[in-house]
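Look for subunit A in each of the two complexes below; its partner is subunit B in the first and subunit C in the second.
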Partner chain A sequence: MKVIIGLIAVSVLFLAGYGLSGAAPYLFGVIIPYAAFALFLAGFVYRVLAWAKVPVPFRITTTCGGHKTHDWLPRSKYDNPSNAVETFIRMLLEVLCFRSLLKNTKTQPGDDNKPVYATEIFLWLGAIVFHYSMLVVLLRHIRLFVQPTPAFVTMIERADGFFQVGVPVFYLTSFGLIAGLVYLLARRLFNPQVRYISLLNDYFPLFLLLGIGISGFWLRYISKADVIAIKELATGLVTFTPSAAILSSISPLFFGHLFLVCVLLMYFPFSKLMHIAGVFLSPTRNMANNNRAVRHINPWNYPVKLHTYEEYEEEFGELMKAVGLPVEKE
Partner chain B sequence: MNDKWKIILGLVVFLAAVTFPVWRGAIAGAGEPPELQLPEGKTKCIESKEFMIDNHMNMLDEWRNMLVREDIHEYTSKEYGDTYEISLNKTCLNCHKKTEFCDKCHAYADVEPYCWDCHYDPKGD
Partner chain C sequence: MAKFDEMEYYKQAELLNIDYDQVPDSDWMDTPVDFRPGTFIYPGKPARLEYLDLPNAREWSVLEEDWKLQDNWKQIVLEGMAERLTKYRSFKLFMDVCVRCGACADKCHFYIGSADPKNMPVLRAELLRSIYRKEFTMVGKVLGKIAGARELTIDVIKEWFYYFFQCTECRRCSVFCPYGIDTAEITMMGRELLGLLGLYVNWIIEPCANCFRTGNHLGIQPHALKDIFEDLCDDIKTATGIEIDPPFNKKGADILFVTPSGDFFAEPGIFTCMGYLILFHELGLNYTWSTYASEGGNFGLFTSHEMIKRLNAKMYMEAERLGVKWILGGECGHMWRVINQYMDTMNGPADFLEVPKSPITGTVFENAKSTKMVHIMEFVSDLIKHKKLKLDPSRNDHINVTFHDSCNPARGMGIIEEPRYVLKNICNNFYEMPENTIREQTFCCGGGAGLGTDENMEMRLRGGLPRGAAVRYVQEQFNVNQLACMCAIDRATLVTVCNYWAPGVEVTGISELLANAMVLKGENDRKLNLRLEEIPGK
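Let's look at the complex of A and B:
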């Protein structure tokens, strides 16, 4: 049911962009993209600043290796970092290589029905293929927004289309993006344990990204659109001088694609996709495990007003002497 | 420990990256869309203008396969019914000048067709 709702929602959104853009091209080509991008930026900043306010008084480093003790005891530097440099490397491995996903295991009944744990590498592989393809696809889109196109974008395009298959040249990441998403979706659908914990807010972004990927694929390879007009629109949008005249020469399929992208931008700050920022704030990953090596003082400890015994005796010494209580000072 | 400044620094870097086309556009401008030099004395291309804009690359690919692999030397326009000899130099480049036509849009859209790995521009310098 959750799957069907996600699929229907994305289909309806695509058809809205595809079908209604002809009636209101300025709305779908200019107003909604601006609104979506503004909401994306504001929502993103709001979410991250809200996270930044959360106090992390104690280091909750979960580690998978020995921590720093004696010099002669083996330790695991990048699983259990003891200083900022090692922590930085652990974060690099996490952010760039998705190291935590490599720790994914599957449990299967072995001999005597005892559980046997095995590495399950495909989640990591699917995630790597999808995320890096997505990054390259996003960077490639810069060619439509910036004139003249920066040299690094051209270099990425050359590398991506290295095999020069077909016309227009087939990009490896066009395949990687969709294949990665299809795998990640299939995993949710066909792995009973993962399916049990999957929610609409897992399926919806997957279908949304698939919708964007497939409509983009379709635009490039199957039903072509006027790229020059699209670039004119895009460069106009980013310089706040959008031209309404060219909207009519762009195919409805492009507006379907664009509208899904706008929905993604609007949905992004309120969704699980915020893990793009969240991964940097993982408290179990981004802090050195020096709980015992360094004294950590609770940052919101208020100054406690102390009343020492010396002060007490100074205040009440005479009275104490008068009733015969022993005092330290004469 | 107060890490707020690190988070805000990261956020600023992210915002600068995602708004790259905006501030780059503010510095360098939107850029002018290409103005093509159309062949003089001609009223139509092989197919309709809209079809050629969107699908010329597919037509060239198709022509290459027809000529090189299937030994077909003639193409009949679906739109107008005229017959053309399949040849880049004798049809396309007979009317259009590469530097004033092909290159303009390809440079604007950052497309690098590999036609010119083998072919040359007969009207070129």
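Let's look at the complex of A and C:
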């Protein structure tokens, strides 16, 4: 049910952009993109600030591997960091390499149905392929917004189009983006445990991204969209001089693609996709495990009701004296 | 005929009848909780709640329909959530960023042992997250169930009670989560919210009340503690020929020693305690035990942040009263999470103490320069490195030992190398369990976080399966016959786990093995170990 609703929702959204843009090109080509981007920026900042303003009362690092202790004992600097530099590297490895996912194992029934643990690398692989493809595809899109095309974008394109298959050049990441998403979706659908925990909140963004990926793929490789006109629209949008005239010469397929991107931007700040920012703020990852050396301050630390030694001796003093335990009041 | 709170009641074949791919037909929100005896813990007794000034103290029963909550229970919970969402970034962030990738799903020992989907860490968090969405997010308010949001009802509260007391806050899932989402944080929040309604379990809240009053979880009063130590010293005399008169509440001692009270009571914990006594005596350490701060553990960690602080405060207060220089802590699991991650922040700064320095080797423990508390294994490994202990590991030659990393020292601190270094110096036969079951990937004993009571036997055995199976593996491969650990809860709960899943493997603390291997000044012929068993070949 959740799957079908997600699929239908994205299909309807695509068709809306595809079908209605002819009737209201300015709405779909200019107004909605501006609104979506504004909402994305404002929402993103709002969400990050909402997290950031909540204090971190305790330093609750999840430690993996040995801590910093005797110099002569081995330790895990980047899984159990003791200072800011080591923590920074831990975060870098987490954000760039998905290091925790790389540790993934799969619990399986072994002899007598007792659990054994196998290496499970596919979730990591699917995630890496999708995220890095997404990043490169995004960077490649810079070409559409900036004139002349920055050198680094051309370099990325050259690397990405290494295989030089066909015309236009086939980019590896065009495939990677879709393949990564298809794997993640298939995993959600066919792994019984993951399917059981999945919500519409999980299927919808997957279908949305797939819709964007597939329509983008179609625009580039199959319908061979009018890049010149699209670039004129895009540069007009980023320089706040949108050209209404150009809109009519762009294919409806492009508006379907663009509308899904706008929906993604608007949906992003209110969804789990905010993990892109959240990962940087995670208290179990972004703090050093140096509590015993450097005191962590809790801004709302408050006095609590205690049971003092005096109260204790009040109750047990006579019993203590009887067995020769030292007391304050003889 | 065994009862549900005895391990004989459970057939291995039945507990192992697990199929991870089999999920319930109904959506998890529509799947009711099955409160069957053996899988939940009895309610906190009203007298205990009253002693601690906790709300809604009353008699109630898990199996009865009416849990006797306050009339405005819903308001209490929602206000409690709102407050915590503004005080703990962890809570707010972990409510928001989960993508349900499922990496955590099969990492939980309770899930591995039960295949109950709500024991997947991700669903345990969704129990709370679903209410968060409904009450605190726009999308959840508008879309409702399809977006994973649901109404807060009495049944939700009952579900929380069942599953937040089916999590041992071991943090194994947090190792694998790409965002570091820590179910221990979720469970701690869940238990705090339940606490606002007076929903505590007695196995946790009674130790809290005891600790508040008598200084230790077991409720041992000062004169009784002295008695216990006299008995322990008698046994030490029999085993080693050494006479020890342990110092209590001694002003002017250099070091205050604090260890979990589990080591004062019942085997095999007491052998670990005898190990400490022998070690300190042999070193001639100017130290003291305290009857007021006679608890290293902290069941507050399983109750609320406020309770952690209330119970932990005694360590620094007593250290200041006695005028010691620094504090040495014994073998305990969650105690060290509290000392490492909470104590200094809550009850520091301990300006009245000095940076810990070993009086034997002169080593300064820079890594504890603020908290001023050193772990016994940091202390002992330093002694061994500097050759300050005379050791005869052959006395442990009849033992094939493996080491169980306790959850909190592994994932809330990182004291992983010290115990191994010590073990390898005091035992000639040391074998590791499979790598996915040790170090930061270690499995809980199944009874941590206050769940180690017999009425919870089914869940303890299920939760203990991953550890038990790993012990069984090294037992079959290497004839391992002892499981060493540095945690008092482990020493209590792993005995059952081993008896059930790997019968023949005994549980021991490291300090017990250490004292057995130590060559003491003026010792007897050492034919007996601390358990007063004959040492083979001696």
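Going forward, the second predicted complex is superposed on the first by the 299 of 330 C-alpha atoms of A that agree within 3 Å, B and C clash if a C-alpha of one lies under 4 Å from a C-alpha of the other, contacts with A are read in each partner's own complex, and residues count from 1 in each chain.
Everything below uses one rule, namely that contacts are C-beta pairs under 8 Å (C-beta built on N, C-alpha and C of every residue); 3 or more make two chains touch, one makes a residue touch a chain.
What you see is a predicted model; the values in this text were computed from it and never measured.
Contacts of A:Val56 after superposition: both subunit B and subunit C are touched. Contacts of A:His275 after superposition: subunit C is touched, whereas subunit B is not reached.
Once the two complexes are overlaid on the shared chain, A:Pro326 sits against subunit C while remaining clear of subunit B. In the superposed model, A:Phe98 lies in contact with subunit C only, and not with subunit B. In the superposed model, A:Tyr312 makes contact with subunit C only, not with subunit B. In the superposed model, A:Asn83 makes contact with neither subunit B nor subunit C.
Shared interface residues of subunit A, touching subunit B in one complex and subunit C in the other, are 51, 56, 281, 296. By the touch criterion given at the top, residues 12, 16-24, 28, 53, 85-90, 92-93, 96-103, 105-107, 112, 117, 120, 122-123, 126, 137-139, 143, 146-148, 171, 174-182, 185, 212-215, 221-223, 226-227, 248-251, 291-292, 305-306, 309-310, 313-314, 317-318, 321, 339-342, 344-346, 348-349, 363, 366-371, 373, 378, 381-382, 385, 410-418, 421, 434, 436-437, 439-441, 465-466, 469, 472 of subunit C touch subunit A in their complex. Remark: subunit A residues 1-2, 5, 47, 50-51, 54-70, 72-76, 79-80, 82, 94, 98, 100-101, 103-109, 112-115, 117, 123, 127, 191-202, 270-272, 274-275, 278-279, 281-285, 289-298, 300-301, 304-309, 312-313, 315-316, 319-320, 322-327 touch subunit C in the complex.
Listing the residues of subunit B that touch subunit A in their complex gives 1-4, 7-8, 10-11, 14-15, 18-22, 24-26, 28-34, 53-55, 57-58, 60-61, 105, 107-114. Touching subunit B in their complex are the following residues of subunit A: 41, 44-45, 48-49, 51-52, 56, 142-150, 153-154, 157-158, 164, 166-169, 224-228, 231-232, 234-236, 238-239, 241, 277, 280-281, 296, 299.
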